[in-house]
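Common to both upcoming complexes is subunit A, partnered first by subunit B, then by subunit C.
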Partner chain A sequence: MKLDPSFIWTALVQILSAIPTTLYITVVSVLIGFVIGVAVALIRLYRVPLLHPLAVGYVTFIRGTPMLTHLLLIYFGLPVLIDGLAVHFGWSFRSVSIPMIGFAYISFSITAGAYMSEVVRSGLLAVDRGQLEAAHSIGMTTPQALKRIVFPQALAASLPNLSNSVIGMLHGSTLAFTVSVVDINAKAQIVASTNWKFFEAYLAAALIFWALTFLIERVTSVIEKRINLYNRGGVA
Partner chain B sequence: MGAQFDISFVFSFLPKLLGTLSTTLLIVACSLLTGIIVGFLVALPRLYKVPVLKTLSEIYISFFRGTPILIQLFLFYYGLPEIMKLVHVDMTRTPVLVFVILTYGLHTGAYMSEMIRASVMAVDKGQVEAAYAAGMTGFQAFTRIVLPQALGIAVPVFSNLIIALLKDTSLAFTLGVMEMSGKAQTLGSLTQHFIETYIALALIYLVISFTIEKLLLVAEHHLLRHEKRNTPEKKLFKINKSWSYRRIIAELGPGKGGTGL
Partner chain C sequence: MIKLAQISKSFGRNQVLNNIDLTVTKGEVVVILGPSGSGKTTLLRCVNYLEKPSSGEIAIGDFKVNCKHARKKEIHQLRQKTAMVFQQYNLFRHKTALENVMEGLLIVKKLPKDEARKRSIALLEKVGLASKLDAYPSQLSGGQQQRVGIARALALEPEVILFDEPTSALDPELVGEVLAVIRKIAKEGITMIVVTHEMGFARDVANHVVFMDGGVIVEEGTPTELFNHPREERTKQFLKRITPEFNYSI
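Let's turn to the complex of A and B:
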């Protein structure tokens, strides 16, 4: 086995075909995770009875255990649950018809939800309470005030953390190989073992991830500049 | 898939998994040590703005924060022997654990250096100037004035990093290391009770990360005991009283990119 620099390029081209899968997993888990995160954050901020302890338990559990265990628990647990319910209620739907990537979507969304809820919570906490009070005083209802006044500011405040979470999920999506989804990592494994050139293949995969991460960071900084326009201070 | 769910298996699996806890903790402890040393070495050029070394450490941090730990594990496991072969060092007999610890060490080192940099920069510059005015040397000012204050600031991030590292070690099974996750997989395939094994596994991880968090919270209170609580109470949007704002920000700040896998 000898280092073959030209193979890095060959591997890179082959692995490129797996980028969409990785991006699908990342985007889906981040979007669903964001929705879960907003719901959980609001439940925790407003201390909704009954739901509040559940939300705290959810966030603690997810943040205290590796993403791998979530994936494996969903992968092995969900079919049992669904099939049990299906038999009980007489549905024709069976867990076999869930595609492999579905498990990745579900599990990573649940993972992302817990991390996103912390991001959203810190963003909401960063907004001055007077903003909400001012919105109330000019006659907005709380949902209106949240939507028009608090959320835009919270979004600006939590953008760096949000981008960190997206990067985290991008990197976390490499775990999808455990449920036989061919993402960048799995593709690198395939390319590596068919050509017996492990180092080169993983180097190519690392370069792709590095580039994707860099891209996310760039895009975030552009959005951050755009979103913070109103925040520039001064009189003009 | 698998056998009928039986909660009693969770309890019978717990001791079996705990048997491999030492391997997990060994990986965590060794890579933490490596990470702190590397983190310091990498943070110093950036703090003191040493020309060429600064760029190098930026590239190092960017690479280790920009690629998934799983890819890094494979990269080191397959790549390091080949690179070492170029300088005629034979690594074929090196135990896998060494590669794992090295990779996790370098990975954490990147985050550690960010943590160290951020917490040192958070110490007021006037403190250093006052130390110089009192006649201390640069080294004295750093060890006696900046470090104790920076430590307190760093603790929340540090605790997050340890927990992230603990959770990351669950990936070491991909290289065939028999730590808790690896053990759980073998137990699962042996008994076909996958769900129960993974519940037991999750419980153990949960307890350890909870313990680490609580212990470091105590450490933080101890380290910050000299801080006057003179920060004006921020009237924030429905702030959760039990948490100080600084802590939440610190937890999410330069820590692990949101998700620690």
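Let's turn to the complex of A and C:
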């Protein structure tokens, strides 16, 4: 087998059409995952009764099982649940009308939520307790203090780890091909198998992922610089 | 007037405060002295509920909180009537000096931005930091940070400012500038409760000195009474150790 360099370009152009799908999956799962992550982190830090053990169980189960498994569990489990409920309550909705990408959104959000909760938690723990006390001392309520004083600093502290999570989800989104979603990687496979040029096609996919990741890194570093203006100290 | 009645506090089985009664009249500067572990910082932190007292009553003017069943709203009101200056400054690290002072005015007092800004600048000028409005805490020296902390506390026009060892974390050369600011605002008649180890400051500025040990108030009185004519043996021992220049015999 010989390498066909020109086909790398051909494949690259064809794969471009799949970039939005990959980005949708990544952005949706990261955003919903972040919301879940903040909620879970707060539940764990404040040891909310009843919810606390649930949150702990969620994080350990999800982190203890592969992302692909989550996708398969949702893909095969969710329809059974939805259809069961639909019959029971007499809804007209059936699981067949869920688009394939919907399963990816749901399952990857759940995955991202567990990982991001740990990122957010470590960010919150990095904020000195004195910051919250100072906010209380000037008469702020706890929600005001969290929103205005603690969260901005926690976010700054967890930014490098958050960008790691985003990159992880970008790359993890390739698993969506198992439920017939055509993302970058699946598209590469299609292009490859119709032309019998696998290496070239996957190389093109790799370049696209690298470029996207590079973009995420750049954006993070710009945000990091702006957000960390106040942080003149530290070891870095 | 601030009145603490029968304040007790335990951490687990360790009783840190034991039925403390303390009355502070308006405009008075109260200095609390005592060896470490005597409960003086805990007492101060009970006044604005950063520590939850196990029992007792806190009264500021007509506003009273029964510590056994204080509600969230009461705690919030209590904190709006007080302000605190911390040993570790605790300035909001992601906000400039000006924003630190403005924060309470904007969020708690709900002042319009212009008004909050104007008042904050005036306060920072008062503590000698007019040139540092836009500096972040990490760009300020300890003494400067603490003066911002004092401006932040003053901004709220609280009934009382609580000072928790405001100079203990400072380099010796920076202690003076912070004490000078505290002295200045003390003269303006702002009620303060100060936990400190600065005996000179206590002697000059305080109207009322309290000596605590083992979770109780051992002795209290005017600075002259307490420093020159202490009645209790424990007070004498403490003063002897902390102000060796008075009774130094080898």
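What we mean here is this: the second predicted complex is superposed on the first by the 231 of 236 C-alpha atoms of A that agree within 3 Å, B and C clash if a C-alpha of one lies under 4 Å from a C-alpha of the other, contacts with A are read in each partner's own complex, and residues count from 1 in each chain.
By our rule, contacts are C-beta pairs under 8 Å (C-beta built on N, C-alpha and C of every residue); 3 or more make two chains touch, one makes a residue touch a chain.
Here the structure is a predicted model, which is why all the values come from computation and not from measurement.
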Three-chain arrangement built on subunit A, subunit B and subunit C clash or fit: fit
First (subunit B), second (subunit C), both or neither touched by A:L229: second
Subunit B or subunit C, by number of subunit A residues touched: B
Which superposed partner A:G172 touches (first subunit B, second subunit C, both, neither): first
First (subunit B), second (subunit C), both or neither touched by A:T10: neither
Touched partner set for A:G77, first subunit B, second subunit C, both or neither: first
Partner chain in contact with A:R44 - subunit B first, subunit C second, else both or neither: first
Touching partner for A:M140 - first (subunit B), second (subunit C), both, neither: second
Touching partner for A:R148 - first (subunit B), second (subunit C), both, neither: second
Which of subunit B and subunit C A:N195 touches, first, second, both or neither: neither
After fitting on chain A: smallest Cα gap, subunit B-subunit C, Å: 11
On subunit A, positions contacted by subunit B and by subunit C: 128, 130-131
Contact footprint of subunit A on subunit C as seen in their complex: 48-50, 76, 79-80, 82-84, 86, 88, 90-95, 103-104, 107-108, 136-139, 152-153, 156, 162
Complex contacts: residues of subunit A adjacent to subunit C: 128, 130-131, 133-141, 144, 148-149, 152-153, 156, 229-233
Residues of subunit B that touch subunit A when the two form their complex: 1-2, 5, 62-63, 65-72, 74-75, 78-79, 82-83, 86, 163, 167-168, 170-171, 181, 188, 194-195, 198-199, 201-202, 205-206, 209-210, 234-240, 245, 248-249, 251-252, 256-261
Contact footprint of subunit B on subunit A as seen in their complex: 1-3, 44-46, 60-61, 63-70, 72-73, 76-77, 79-80, 111-112, 115, 118-119, 121-122, 124-132, 150, 161, 164-172, 174-175, 185, 188-189, 192, 198-199, 202-203, 205-206, 209-210, 213-214
